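Two complexes come next, and they have one chain in common, chain A, joined by chain B in the first and chain C in the second.
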Partner chain A sequence: MYGFEALTFNVDGGYLEAIVRGHRAGLLTASDYNNLCQCENLDDIKMHLSATEYGPYLQNEPSPLHTTTIVEKCTLKLVDEYKHMLCQATEPLSTFLEYITYGHMIDNVVLIVTGTLHERDVHELLEKCHPLGMFDSIATLAVAQNMRELYRLVLVDTPLAPYFSECITSEDLDDMNIEIMRNTLYKAYLEDFYRFCQKLGGATAEIMSDLLSFEADRRAVNITINSIGTELTRDDRRKLYSNFGLLYPYGHEELAVCEDIDQVRGVMEKYPPYQSIFAKMSYGESQMLDKAFYEEEVKRLCLAFEQQFHYAVFFAYMRLREQEIRNLMWISECVAQNQKSRVHDSVVFIF
Partner chain B sequence: MEEEEDQSLSFSEVVEEQGQRGSEEENVVQFLDSLDSYLTLFDSLSSTLRQGWLELASARHSMGVSRINGTLLDLKPHSAATTLQVSEPDVDYMVGQPHFKLSKWASSSNENCCSGEEKIREDKLQTKSDSPQLRHRSQFSGTPATIGAPLIVDDQVQKERSKSLSMFGTLVSPKLRSAQLSFETALETLVEIANMRSTMFSTSDQIRKEMAGPRDDNKRYCIAEEVCD
Partner chain C sequence: MEKFIENLPPMDLMRSEKMTLVQLIIPAESSHRAVSYLGELGLLQFRDLNADKSPFQRTFANQVKRCAEMSRKLRFIKDQISKANLLSSMRPVMQPDIELEELEIQLAEHEHELIEMNSNSEKLRQSYNELLEFKIVLQKAGDFLVSSGSHAVSERELDENVYSNNDYVETSSLIEQEMRPGRPDQSGLRFISGIICKSKALRFERMLFRATRGNMLFNQAPADEDIVDPVSRETVEKTVFVVFFSGEQARTKILKICEAFGANCYPVPEDITKQRQITREVSLRLSDLETTLDAGIRHRNKALTSIGMHLVKWMNMVRREKAVYDTLNMLNFDVTKKCLVGEGWCPIFAKAQIQAALQRATFDSSSQVGIIFHTMDAVESPPTYFRTNKFTNAFQEIVDAYGVAGYQEANPTVYTVITFPFLFAVMFGDWGHGICLLLGALVLLARESKLSTQKLGSFMEMLFGGRYVLLLMSLFSIYCGLIYNEFFSVPYHIFGGSAYKCRDTTCKDAYTVGLVKYQDAYPFGVDPSWRGSRSELPFLNSLKMKMSILLGVVQMNLGIILSYFNARFFSSSLDIRYQFVPQVIFLNSLFGYLSLLIIIKWCTGSQADLYHVMIYMFLSPTDNLGENQLFWGQRPLQIILLLLALIAVPWMLFPKPFILKRLHTERFQGRAYGILGTSEMDLDVEPDSARQHHEEFNFSEVFVHQMIHSIEFVLGAVSNTASYLRLWALSLAHSELSTVFYEKVLLLAWGYDNIVIRLVGLAVFAFATAFILLMMETLSAFLHALRLHWVEFQNKFYHGDGYKFRPFSFASLTEDED
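Up next is the complex of A and B:
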């Protein structure tokens, strides 16, 4: 019953909630970002990060550093924290934590399949996979020629199996099919995660439904903008939108027929939570849209920590860390390319 | 009489000399112009490439590291989307005639989409706005042939661009398309640099030949002075 979590939550989840709140306190601060933005080269960045929780992960990396190395090592820290929480979690928190990684699993599947289609070596592809999305039989993906084989040989024994029912065909895999497969899988995953959170009820359901609805709406906007000018038909575009969220169903109907960014703006400005996002952009411009969406997401994720005794803090923490890693990647790229004036184009501060 | 003939001959030699000097100066001016253009193009190339690399990083930031990385590049054999034609210099080589021609977005399935200079002109007409990737869908697919030709070419170019980006997925971020346009512009600039360099060397050669000409230049100048006196 909603409101009585305080009585029972700490029995199973108290320790891990304390752990995740402690991790939350370790996120980079404003002064950390100020120092990082003033670095002259990647070794300076490494030096500044050595004073943070990323220090142990970067200290043994030899110079010259590369931006991908910084991202990989920072991601390893997140993976270690996640694995510690997962191994300490009991049901239903363990299932909730596993759900958080299914998005990365989908990305890894698509990476392997796409790379194989392009005749790349499997070992090379496995090195690029996100560690949170790894599973045992992932290397076998390289053998599949179409989605039916993909499902039968590999994915039937993975958590992604239920999401394949909507996209199993015998057509050979090509770039368009793979893109549709990616988006169909992600849609099914989000809807499944949403239903799971609703079943959990209480504060978890309330907060997670807000966060997942925002994710679904953002996906819909990105799919719309990215498909403008491509061969994706309006019907196919409509099928990739999730069946929940603030934009469902009327916003989706309007987005499906949009042909340019201004029409997308016209649709989104009818929804008050998204008016502020599009108010930051000038007409015809979409470059700052990603940053605007990330800022809104970070605001909502930080609000999740204002309430206790729910699982959304775990989801929020993972997302905030991923945002932090994106920030570090962007700062590193700007420093490496000697474009420090552009640092603030994409950095989203979290505090 | 003979002295008058000598004087008229000297005068014509002076006129010829002045004509040659004018031609030399013209070559020197042309050389300096081409050098200035060459340096300007280099600056332009540098800034275009910087912009392209940053846009690529921005696309990686937006789409994710797993969607944009070197392991997704297609290693299967496929025809070049863009080719460079190098024409041999003729005997009657004219200064300013480009040696290099870019043939953009020509694939085996689309042999009509070529002719580098035409394409460069057409693409320059497409203004690069803040969101160049936002193309209207071809609303003119059923229009009469009279207004269809440039739009058909435009559609073909867009299709070829999307095809080359398809290794990263078919629904890519506008930032990636923007990066593609930047690198495309950089490629055009490189060809212009090559042509400008060719022009520079050609005028430089001409100047050297003229400077290494007959050694009685001083004598001619003396004759000119005498005539003037």
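Up next is the complex of A and C:
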């Protein structure tokens, strides 16, 4: 299959690749961000966005605008584009596109379960869910009392069902359990997605394995940092790392025993691609790590567009749009709260 | 000659309007009025002097935002009106002009009112829906309970007073009433009844089954009435369900699932008398609610209609305001911040009108200071503006689609008006089809006033826009069709009898030996006797082919002559001497000569082989022509022409770039300090004005450019002439196609004595004529005519590197712009 994509790819995927590249051209550029950062209030942001592809989605919003409205409408645009692409897609691209949303599905499940645990209103929680990760019976999640029920009642119908095989316990749900569940699910999801991409072969496998490895490694680092000082045992921690990626397997062994952030840093600096990320931070600091990872991710995602005839552009586009929405949210929040000096703290320029 | 050309009256469309760059200095207090008067006039194109500023940093960003907000409200109201199925009244109500501020307040009020009414009616509808659902549940679930009543020991009891003492609004709390915990001491079978969307019913049942591990009984029945969703106002099909279960835990689970699925639960009393009583009460309250709802809707509709009367006017007004502020945003504040400075292009003839409008604005806003309006000189090329009318507009569009003419460049539209439909008709020559097209064009013209006001689909709009093109195309088709003597491929003796007749009265050798000529030639067009003869095709092909070449050479010559007029107009004698002259010589010594031969051959009826003449003119020009000689002195003439053509090629290639180089060096000789001077001059130049710098002279670039042009012309002379043969090819294809449909479909079907076959044949013929000959062929002939104009004709002289004049005008604001 490898090397012959140019011959057959356009039969099924050509139209959608053109669409997604067209969408990518609509991503906000650095000059857009510069203009946005100069805005005085949310109406200015709306005015600037109305000249971009977000225009039609924001034009009917009444004037005292909220950050949530902006984010909601921008997400709506992403969802509309995604749904359009999904409608047009044929196998295996449609499965690939569906895989992209599973991450959001996991997040939504965790959100609802945690929310019900803390006695929140289900409908309120549903509004907070990411629309890409919605499934039919998501509201029913509130009924479940433990993992087993969760699986048997609701999730068995969803694509997440196979990922659950590792975390079915009869234990009652609590915060720790849920977090472990999230990471176990994510691990299973990433591994499954990775296998799927390998099966597709060609440039898709090559580029996606790079992107997914990065994702897996980032999760491994985050799990390690977040679990420092908790009662999670080393073995349990080790179990949450995905079984692929640049760190697998030796890096994982080392990460599993880390006790503080500097040890993590020591482990990661052995890997050249991550050296530059950690080199930017001073010792003992972990706040800027997220941004550094995001920047690295955006760089890699942009590179995915350099090659043609593969599916990774869809993944890259969705991720870039999500990053853009995060940027917009941050900028809008900063503008709304008059914290304009902090605007650049978390904005990741895409181009 | 020079004199004669000088004295020609100026052609209207030949050159675009003379434009001038003007500067306006408008006192701030009269700026708004001045700009809106200019918008009404629509003859001034503003230049954006703030291109580097983002939209919200401009001076009038706030006003633009307010306008956008108002148009949002107007859109909301319009949306409401169309949702309520009210027609926004077409007759605009005469009403004194209101100020924008007032409108803003009014709009805010209206919007607020509407939103309030909507939320009220939504609440009402919600409770109405609940009652309706309750009624349906009572009916349906009652049936289940009766049928299963003998087994089910239901412990549900309802307090009657719940339903009797409160008014209908409180019934929205029905769900809560139902959710009161059941009495814990009771066990056994219980039930929950409710209603759910039909699409969710299956999944709901499955979920219930799983949650209760199968310990439940699910009954469902479709609701008879559709429920209208209060938010989206769409009707939803619903299903009534009754779940029987046992145990308290199952009950909480089921209730949670009900909530998750958005199923509304309603209690149904076991007792039939109670059921009847509640049903009665519910129905009573339903009818109450209905009247309230109706009254609400009537009230709302009334409000909407009263707004709807002004809606169109308001929308127009807001659109105009927004356009005015957008334009004001393009102006600069001067140093004192009291005046706005604007620059723009206007046609020279409009200066007086603009000045008058500005004076009016000063007067109306009772400003102390007048508006200063003066012309500036510009380096940048002005926009191109042709004053077209509804007839010439479509043709101008055809030319503009290729490229907008440079400022004051010769406009091919002048000739395209006639040549385009004519070349189309050469390919589409059939007066039957022409009449069909003419009828279509006439229908469009007759309904012109009606169609021009309404919104058309994209296809219809295209057709309507080109209605005059269509008219001319059809007229010329009829003309060419008469020349070709084709009417749906049937020949007619319109202009007298044929010049040929059979040799004897039996006419039996007409198709073997041939006919004899017995009278003068058929007076107009092709003799109908050619039809069906063995030599029909060779005769028509030769005729059409030669005609195509003649037309092509004439049109290409016209193009070259236009390049002469361009060169004269821009007084570039270089172009005349080293481009126009050799081009004329080259084209005419080869293909002009061919045209001459064709005409001589037609006049003399000679048998000479023109291919042979042309080919051997190149291969062996000195050879004797033999029987192909058409006139005395042909051989020396050919040699001279060939030599001329050979000379013409280097003539158009070499001199021009070298002369340009010499001129350039001469200009800078003795001006060694020239460059320093310019940098000082740059300081004087106003920062934002249209002045530019000197162009650099790059000899190799100029030379390569000239080489490309020369090669293109030399090769193009051959390929373009050949390209005109498409006139013949398309015309042949058209006549052959119509012959096929006529003979192989219509005549074949007519041969049978069966009415069905005849009808089918007629139908096929009609469809083929309409869709293939009238639509597809029209389209293809149109495209080929387009190509001949764009490529073969216009590349001889047309640069098309200008940009269109887009004046700021209220008339050009369209509805979908906001």
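We take it that the second predicted complex is superposed on the first by the 351 of 351 C-alpha atoms of A that agree within 3 Å, B and C clash if a C-alpha of one lies under 4 Å from a C-alpha of the other, contacts with A are read in each partner's own complex, and residues count from 1 in each chain.
Rule of thumb we're sticking to: a residue touches a chain if its C-beta (ideal position, glycine included) is under 8 Å from a C-beta of that chain, and two chains touch if they have at least 3 such contacts.
Note that the structure is predicted; figures quoted are calculated from it, not measured.
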item: Which superposed partner A:N35 touches (first chain B, second chain C, both, neither); value: second
item: Partner, of chain C and chain B, that touches more residues belonging to chain A; value: B
item: Touched partner set for A:E259, first chain B, second chain C, both or neither; value: first
item: Which of chain B and chain C A:S94 touches, first, second, both or neither; value: neither
item: Touching partner for A:R152 - first (chain B), second (chain C), both, neither; value: second
item: Touched partner set for A:H48, first chain B, second chain C, both or neither; value: second
item: First (chain B), second (chain C), both or neither touched by A:S137; value: second
item: Touching partner for A:I223 - first (chain B), second (chain C), both, neither; value: first
item: First (chain B), second (chain C), both or neither touched by A:Q307; value: neither
item: Chain A residues contacted in one complex by chain B, in the other by chain C; value: none
item: Of chain C, residues touching chain A in the complex; value: 54-57, 61, 64-65, 68-69, 72, 75-76, 203, 207, 210-211, 253, 256-257, 259-262
item: Chain B-touching residues of chain A, taken from the complex the two chains share; value: 68, 71, 107-108, 110-111, 114-115, 118-120, 124-125, 127-130, 175-176, 178-179, 182-183, 222-223, 225-232, 259-261, 284-287, 290, 326, 329-330, 333-334, 337, 339, 342, 345-346
item: Chain C-touching residues of chain A, taken from the complex the two chains share; value: 35, 38-40, 43-44, 47-48, 50-51, 59-63, 122, 136-137, 139-143, 152-154
item: Partner chain A, residues of chain B touching it in the complex; value: 50, 53-54, 57-58, 60-62, 64-67, 69, 71-76, 129-131, 133-137, 158, 162, 166-167, 169-175, 178
